[in-house]
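Have a look at these structures, which come just after this line.
Consider the two complexes below, in which subunit A is the common component and subunit B and subunit C are the respective partners.
For the complex of A and B:
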């Protein structure tokens, strides 16, 4: 019936226990943050840096990393490349986990987190808030992803009737699943516009922010699909999806070229090229970040490299780091909220973020081993 | 806002719509706005609205021009308040105003004399421009009489006297040293009378309109300070309400036009801004009713104290102001070392490093497994 299979392997393995240990440590700090001391007790956030890694990593980078479902949905449903469909379900799962835990991560950063439900009350919306669009869109997208992933669950419990009726309307949710990330991934770029001159000139590209944000989110989305498929192959000893990943590599290559050309072109147009070589930490971070974007282009261009799975994985990881660096640099590292403010995440902050990542990987392992997620049949 | 505070008491505002050509809503909004800037309640706004809607008898106004550039009148004419020409001309009966009069010569002078005789003790006298007193005031003559004589004559039986603009209030630009004509403000000439002053070069039309509306509504002039300026408009230093004030307090100053601080909108104090010694409501009202920070400091030029006697046209443009509230300290609080900004802890650095390391390590392991797999695949295929 289904082209997907349940991975019949032991859930409790050594890496799983390691992840569990990290998660348990983070639970202690979550308790500190929510029950005992509040945000100040565990984080290094201050008047200048109101956003730390909980927002920048867990939400801004986390949701971009969770763009695999979005990137593949565009490929499969908009560009009509049905051959990539086998990668779809695991990608939807990672997107669901990434977004859900991103939303969870945003919770840590909310001073009055118990008022979270207000976002669902339209009469309380503040239309002057840049965050409203992001908040609403992300919240809705989590629901959409849950519905998109529901078939895996319904197949498992064997509810054929419900599955049939869901399949009839699923196209609507798939369409929304493409629209919503397009909106909020661009808006995450717009957040930088509203931060104005606090953002370093090399990253403050004003009205190009949304475009660069969504391009880099797509690059990260495709890369995470490659990354995840490669790790599944290597770590869970599955048949490789190499032929498919090679095709994705070709798409990513052109996305990367587009991103680099636009990024440099915008800087040239805004007369900021000189800043790249001005010395100082901003220049350094910019050069490192651009190197991470440009290196994969060469890795993917070397003839025959396409078929080399390990090289493809290295390229994908480069791009993930590049996309993460683009966001970290703009939001935190070169961010200048005024004299005297510095920020480096505290150990508890990092532990909470690591705990969330661990939880995400554990849930992924749990779902692929309990639900039909991974593609079963050998494909051409 | 309670319901009865805006209760029109069955008052019919449709006459306003007919007479002024503005909707009831726009009209009430305007009155409420004026009342708010005067610090009055909504009840005050309602009283004002009624007073304007059915003026019992429009108070006659005699408007004199002395030594000046007609700036105050120009500023008033360009006011974008809803149908100003209606509001102001329907509100008051301007019997004599050299800029606006249609007639000329003996005709208007005659009308002025008749109006002053007929409305003895009831007319509002507005003086615009300075009054030269040197050599018996021969330096400014209208219809053969000196401004000095005309002022005394008109002030004799005026119900209230308003000096509009810096020239009329304290002498203005022509009173600057060496002041060859002995230009003097109306309050200094009319020592035995109360002359309400609305200084400014040009003065903000809203300050005049608000004062006139108050006069029409309550039949008296609004509360004034020691320089006879309406307190609602001139009660505070520009410095107190300036939106660049936080930069002053934090010690962030522009030091010359176009420098880094100037581009960033820092405080203009060091460029000679006279906001700290000038009383006016420019930061809150601005000019031209278009928003967008239209007033000197808003567009990046230091205030030159146009409305303050002894400051405007007196002190050099770029000399430091005499700060009335408190002078900036010699040392500012050290914001370069904030107590809530903590450094990098060893544990945090280790944890972050470990996380990145694990990611790279895992990739390396997976990559090597994949390349081994590739080789075996190729071997088995071969």
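For the complex of A and C:
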């Protein structure tokens, strides 16, 4: 039988009620958006800033935060580090939730949501469009994640036969589950290329956008695994998974080094290093962002740091902010469509995003308490 | 083969493929359509009467935009879902000298530039923005549009506009009066704005003829008298004489990001008129080069998937008790 177990704890707790309250408030604004007044009624989107936090947080950053399943799948199934297997199922669950709600965010942001299916009709496809790749690939990946998570559900309802046949072909879905995020996470970076001059020169790296995007997705994916596992250990009284996490810390360190070296190298190659010290707000955001990438390298390099759970957690949080900052800076904060346009998210816009995040956490709590997700046994 | 070697070989192979494919397929800027039609906006001729704005609204059945409740006339400040063409004012200092940089003023038109290599067309996932292969006119087709607004962010000029204040909104932009149901160009007419422009500031014609006219004006000496055409550059409705201003030697849209079919000339530098800082290479051409290099019609992902399946299969078979994700 499975080594995973249902977390036998009460579902309805005070934090859960708080999340529910936030979600209910956001439902009201969703009603405003879909029934009463359109996107304009709840958002500050405009002609120059056509994409606000719904696209940039819910989709661009949200799906990167949901790359835990992807990052671990590479570790376990490509690099063949089977010892990380216990972290796999919770990571798949958070990936599924993150992507599903990212998909919902995209739908929510879709100007012509009642025609969303048009993107699935092959005769409409524009193969030059990065957005086409992102849309189709993310949609497929949500399906793949659902299949990858299905064993937890099948175990719960005790459907042994289905479970066995699914396990036989699961390797195919695992392979797809590694390929698809590689594709669309790099494409999220490629979206920036078509935005041309509107993207600040410090972030407009042209041909290098997909590479930097996939690296940042991996960094965020690994960090979220460390982050979640540490939190689960603390909050849900699970067994100590630190011994596993320290190994992940080592992988992340090299990813970070690669990212920083490539990022700076590209800027040097494109003759833009001077812009870092030009003194404007872009310089400031760039320096803060780079500091968030570089600090964890040092945190992880201190001898013995890998054994220190809290230091690892700090590093993970740093990297989550670093990855998020990289994407926020490029898509929104330093984005400049030209004179006459400014953007700051409205309160309802923020509430809707918070509502989606709340829903995500509530669903996570629901699933780990109702299905065998978390790993049961002690491990080396 | 050892797994490590296999991985190395696979990675090396795909890297080589990326490079070779990249070289073979680097996509240059698109060329202008052979019979491209367009407009030439000469800011020095514009008197700010906004006849073109009114005519545009009539052709496209748009309501006036009131940016000031006390003034009932159309006072659109910028492009919007109700305004596809707008006249903006440049002001500096006392704003008393027309077409002078210092203490000067002038008028500048904003509308779709009908790019030769349009970002909106390249970015649209559902082919809802299309460049006509013959006329080069860029039209929008709402039936397949999902409203992702990538056309808006990928347009260097912020032209496509979404009506955010409707639950069932749509993307709107100038379609050079040639959208189905209007089809002025196909019917041998000119654009509405060029037809009503009293000074010929907005001039209609083929891109070639307009470019030739613009180049001719670049050679004129400030202060001499030139006979300016109105309406269609090849068969003008009428002509009028005017002293030549001090033109900037720059035809906006000849080369910027692959060029545009709607070109501008002016006596004020274009960056001061709010034109974007564009290179000659279009962002669309870079984006498509990268995209087709990485995907090369899905050959590369297919190879990668084959490799991944092989590796994952081997590594899941190692698992003693549990297969896959269980």
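Keep in mind that, in the parts below, the second predicted complex is superposed on the first by the 379 of 380 C-alpha atoms of A that agree within 3 Å, B and C clash if a C-alpha of one lies under 4 Å from a C-alpha of the other, contacts with A are read in each partner's own complex, and residues count from 1 in each chain.
Keep in mind that, in the parts below, a contact is a pair of C-beta atoms (placed from the backbone, for glycine too) under 8 Å apart; a residue touches a chain by one contact, two chains touch by 3 or more.
Source: prediction; values computed, not measured.
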{"item": "Simultaneous placement of subunit C and subunit B on subunit A, clash or fit", "value": "clash"}
{"item": "First (subunit B), second (subunit C), both or neither touched by A:198", "value": "second"}
{"item": "Superposed model, subunit A: greater residue contact from subunit B or subunit C", "value": "C"}
{"item": "First, second, both or neither for A:178, with subunit B first and subunit C second", "value": "second"}
{"item": "Which superposed partner A:190 touches (first subunit B, second subunit C, both, neither)", "value": "second"}
{"item": "Subunit B versus subunit C as contact partner of A:343, first or second or both or neither", "value": "first"}
{"item": "Contacts of A:47 with subunit B and subunit C, given as first, second, both or neither", "value": "both"}
{"item": "Contacts of A:113 with subunit B and subunit C, given as first, second, both or neither", "value": "second"}
{"item": "Selected from 41-49, 59-67, 149-157 or 311-319: the stretch of subunit C that, after superposition, runs into subunit B", "value": "41-49"}
{"item": "Shared contact residues on subunit A - subunit B and subunit C", "value": "46-48, 197, 338-341"}
{"item": "Contact footprint of subunit B on subunit A as seen in their complex", "value": "44, 46-48, 197, 230-231, 233-235, 240, 308-311, 313-314, 317, 338-347, 349-351, 354"}
{"item": "Interface residues, subunit B side, partner subunit A - complex", "value": "264, 334-338, 340-345, 347-349, 351-352, 355, 359-360, 362-363, 365-371, 373-374"}
{"item": "Interfacial residue positions of subunit C with respect to subunit A in the complex", "value": "3, 7, 78-80, 119, 121-128, 142-150, 152-154, 156, 158, 161-171, 257, 274, 276-279, 283-284, 286-292, 294-295, 297, 301, 304-305, 308-309, 311-313, 315-316, 318-319, 322-326"}
{"item": "In the complex with subunit C, residue positions of subunit A that touch it", "value": "2-4, 33-41, 43, 45-48, 50-51, 76-78, 80, 82, 85, 88-89, 92, 106, 109-116, 118-119, 121, 124-133, 135, 148-149, 151, 155, 163, 166-168, 170-176, 178-179, 182-183, 186-187, 190-191, 193-198, 206-207, 209-210, 337-341"}
